[in-house]
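Input: structures, listed below.
Below are two complexes that have subunit A in common, paired first with subunit B and then with subunit C.
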Partner chain A sequence: MWNADQRRRALSERLRQLTDAVSGVESQPEVLTTGQKVLLDDLDVAIQGITTNFEETWHDFEKVRDLQERERSRAELCLNFEELVQTLIKEIVPVMTGASASLVPVELEPVVNDEVTAAAPGRNLTPILFSTPDFRYAIKLLPSSAEILADEGAKNQEFLSLCTPAIGRDSIALHAVLLGHEMGHLRDWQNDVSKAFDPPTPQKWRRADGELDLAHDVAFEAYVNFVADWGEELVSDIFSCLRLGPVALLAFPEVVGATAHMNHDSLSHPAPDRRIRLMAEMLTETGFAEVEQVGEVVKEYAVTYADAWQRAIDLRDPDLREAAQEAWRVLRNEIPAFKRRCIASMPTERIVTPDIWELALKARNRLREGLPCGEHSAGHANSIAVILNAAWMVKIEGLVALAEIIGGEAATTKGIGKVSQVLDGLVVKSIEIANMLGRPV
Partner chain B sequence: MATIHESVRSNALPRDLALRMAIGRAIDALVLYSAGHDLSPTQAQWLKRAAELLRPTSDEPLKTGGSLANFRNDIGLIRAAKSVWDSPEARSLAAKLAEAADDLEKLSRGEVLPDEDVERLKESLRAFRNAIEPSIPIMSERIEKTHR
Partner chain C sequence: MTVAVPTKDQLLARLRSDDDKFKIFPTPTEDQVGHGTVDLRIGTVFLSAERSSLESVKAWEPEEAGRLFRETQLRPDGSFAMHPHQFVLASTFEYLAMPLDLSGLIQSRSTFGRMGIIAATAAFVGPGFKGSPTLELVNLGEVAIILKPYLAICQIALFTADEKKVRPSRYQCSTRPKFAKEPT
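Our next item is the complex of A and B:
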């Protein structure tokens, strides 16, 4: 029978699964990153605390004389903790098992650490890169033992997981998304850019006194979630353009690839074409539409997707279309304010301008010749924005010059892939060199 | 396979889970309080935490002019409250939530409430907790072939 004892057994099994997963990772300390080690120590504290807290309350319920109430309370206690343990298994185990150096771009770790510190100064955030077999990009806070155990006196330790697709470990597109868009989320979150928007309650769902008519509560909740989630995505795109320049836009359609329709909106993201329009506009406003080689591409994107914001919402779920349409209507009008707040919240030295282009062109020339571009003159490193934009210029040219140098073929599908792989390797090497020399922000 | 992007959220634990956990712990404390008319400091802390999360951001939540963060916080509370206390108005549901939060805080401070009030509070919290969907529904996926 499914009574409290059976629920306790189920919880115990979940806890054991979590403990086994932790032990499995702990038994291979040589493959653990520093961030993972800190996370594992913290998770040990959490598991110990969960077990103790649960046991104490289970035994305290002996005091309850009404047997039915005791049984019910114990069953609810088990469910409460089981849900928590399952969440930890879902959120933390993949982070621990997917972080080996062969799966994640460890060369980017110093850059990621630097960006996290700059985006969230004064916080004790430990970033952890991990990968999954999916084409999955994510940046998430992981629950610390202090949060799990609701322990207000515990150490102020926070963990930030950054998920990347294992198959794209060395891809320049991955680096651009991770350092541009995903870090943009952290900047948004830290500076409350998208959260500062106060969306109006749509007129048609309001009562005369301005309060929501609860007959529309489901639609309103969906509307609020669309405003929040899509707003975060738009703001992260803006931050990405400010931080990286054109490569933020150029890499984006490649990352989306054939996996999403350009004009399909999703529950979490506005359609890619709306985001391309935003990034092309942002880059034009910051002067990148005039830079050599890439400026024309930015202009082309701006023209091609000029009408993307006017288009009606195209969402698979018809029940949510109205809420999404309302959300897009208010978000569109908020974009200029989002831009202003992004610029105001970002340190000037972290915003890239067309002034980097001379260095980017020089770096492109080195990559064309099959040479890393981490250094622009003796002992002086290039920034990450210079390296990534330079690499993308080589891609835009169809990799022809690089193919000639390395004796590859830029005319066949197989050959292009191989030359591209060489370029990825040159970029990784360039980042390593720049890290060693003291990469400028 | 779709490319999936997820974004950072302000809390590491999903809000619904944090709310269900906090209310669950408050129910535990109320059960033990009913059994012995006594609360440990830890149990008092559970009640305080649940009170913080249950209280809407304003007496008039969901009124136009509110902030995104407040709307997001309050709409979840009001929708769950709607299934506990039958009322068509956000304002009166907010009052019920605030009343429950007040009672939890009183108990956490060591004030005494009549047994029937504690019992009513406990059952309201149980209903409220059930109204919030578990954060990880267990499901088996069914894949259909479609020709749309």
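Our next item is the complex of A and C:
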């Protein structure tokens, strides 16, 4: 029977499995990042804390004389701790086990660390890159042991997990999305850019006195959620353009195209074409529509997706379409304010401008010749924005020059795949070199 | 044609010239360059043989032998233990771009050779080659030796060449150690 004793046994087993998983990862210290080591130490504290707290409280219930009451209290105790253990298993174990050096782009770690420190100054935030077997990329704050154990006196340690698909370890497109859009989320959370927007109650759902008509409360709640979720995505896209320049836009369709239709809105994200329109606009406003080679592509995107904001919402769930449409209407009007707040919250030296283009073109020439571009002159490193934009320019050209260098061809699917792989390798090598030389922001 | 060894000054001047086709990335410091040689560092990826169910490997099918090798990717602050008599493939951290008038041989540096770690073969780097050459390393000593990424473990000895046309290597533009491909 599923009584308190059985629950206690199951909980003990799960804690044991968790401890074994931690030990397994700890046994390979050579492949652990500093962030992972800190997370493992923190997890040890959490597991020990859970075990001790649980055991003490379980024994405290010995004092309860009423057997039914004791059983009920213990069952409830198990339930509470099961939730904690579930949190650890669901959220932390995948981060731990998927962070092996062979699975994640380790060359990006110094860049990620630097971006996190700049985006959230003053916070003790440890980023951890980890990979997943599915094509998924995301950023998430992880609960620390202090949070799990509700220990207010514990040190203020926070963890930030950044998930990347294992299949795309060396993918330039994914690197751009990770460093641009996903880091944009952190900047948004830190500066409350999207959160600062308080959406008005739509006129059609108001009573005569201006308050919400409760007949529309479900739609209103959905509307508020759409504004919050879609607002975050739009703001992260703006930050991505500011931080990386054109590659933020150029890489986006490639990454999102693998998983979503260009004109389908979802519960969490506005349709990709609306976001492309926003990024093309943002890049035009910051002068990138005029830069050599890529400027024309930015203009082309702006023209192709010019009507994307006017298009009606295309959401799978018809019951939510009206709420989503209202959300999009107010968000669209809020975009200029989002842009202003993003720019104001970002240190000037972190905002990429067309001034980088001379270096980006030089770096592109290097990659075309089959050379890494981490260094623009002896001992002087290129920034991550220069490297990624240069790489994308080689992609836009169809990889022909690079194919000739490696004695391959870029006319067949197989040939293109091989040349792309070489380009990815050159870019990763460039980032590694830039890290070593002291990459500029 | 007379084969000559370039001097340190000649190498430094060529490596720092924007127009010269001879490049090493990152650009070596003055300390890395010697008379006719440039010290090279080891990268972060190692391919090491594992015990497996394969009874033997046919010398004429090197790609099959590649199945014996497991890749270890280190973080910059990681380390790799080379056990006595172990054979591993690694690559240089530096990325070379050879001009048509130079070729080179990669050899272990004497400090490491005396500890027992040697580059098993002097890898030939031909004119026109681009990439991080694969190193075939063996620990001939009796104790394990710990390697760390970016240790200057080997050097390329350079000499003049007179190639007229680039013939891309099968390993052209590689940035990680590669197992052997089918012989051509």
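Operating definition for what follows: the second predicted complex is superposed on the first by the 419 of 441 C-alpha atoms of A that agree within 3 Å, B and C clash if a C-alpha of one lies under 4 Å from a C-alpha of the other, contacts with A are read in each partner's own complex, and residues count from 1 in each chain.
Convention: a residue touches a chain if its C-beta (ideal position, glycine included) is under 8 Å from a C-beta of that chain, and two chains touch if they have at least 3 such contacts.
Note that the structure is a prediction, hence the values are computed from the model and not measured.
J.: Once subunit A from each complex is brought into register, does subunit C clash with subunit B or fit beside it?
T.: fit
J.: Should A:186 be classified as contacting the first partner (subunit B), the second (subunit C), both, or neither?
T.: first
J.: Figure out whether A:65 sits in contact with subunit B (first) or subunit C (second), or with both, or with neither.
T.: first
J.: May I ask you to decide whether A:148 touches subunit B, subunit C, both, or neither, giving the answer as first, second, both or neither?
T.: In the superposition, A:148 touches subunit B alone.
J.: With subunit A's C-alpha centre as vertex, what's the angle to subunit B and subunit C, nearest 10 degrees?
T.: Approximately 140 degrees at the subunit A centre.
J.: So, does A:379 touch the first partner subunit B, the second partner subunit C, both, or neither?
T.: second
J.: When the two structures are laid over each other on chain A, which of subunit B and subunit C touches more residues of subunit A?
T.: Of subunit B and subunit C, the partner in contact with more residues of subunit A is B.
J.: Look at A:411 in the shared chain and tell me whether it touches subunit B only, subunit C only, both, or neither; answer first, second, both or neither.
T.: After superposing on A, A:411 lies clear of both subunit B and subunit C.
J.: Thinking of the overlay built on chain A, is A:306 touched by subunit B (first), by subunit C (second), by both, or by neither?
T.: In the superposition, A:306 touches no partner, neither subunit B nor subunit C.
J.: Could you grab the smallest C-alpha gap between subunit B and subunit C in the overlay, to the nearest Å?
T.: Between subunit B and subunit C, the minimum C-alpha distance equals 26 Å.
J.: In the complex formed with subunit A, which residues of subunit B make contact?
T.: 1-14, 17, 20-22, 24-25, 27-28, 31-32, 34-36, 45-46, 49, 60, 62-69, 71-72, 75-76, 78-79, 82, 88-91, 126, 134-136
J.: Which residues of subunit A touch subunit B in the complex?
T.: 57, 60-61, 63-65, 69, 73, 76-77, 79-80, 83-84, 86-87, 90, 134-144, 147-148, 150, 158-160, 163, 181-182, 185-186, 188-189, 194-201, 206, 209-212, 214-215, 217-218, 220-221, 224-225, 227-229, 231-233, 236, 255-257, 259-260, 268-269
J.: Can you list the subunit A residues touching subunit C in their complex?
T.: Within the complex, subunit A touches subunit C at residues 30-34, 101-102, 106, 109-110, 369-372, 374-375, 377-379, 402, 405-407, 422, 425-426, 428-429, 432-433, 435-437.
J.: Quick one: in the complex, what on subunit C touches subunit A?
T.: Against subunit A, subunit C makes touches at 15-16, 18, 23, 25-27, 29, 44, 71-80, 93, 95, 97, 130, 132, 150, 168, 172-176.
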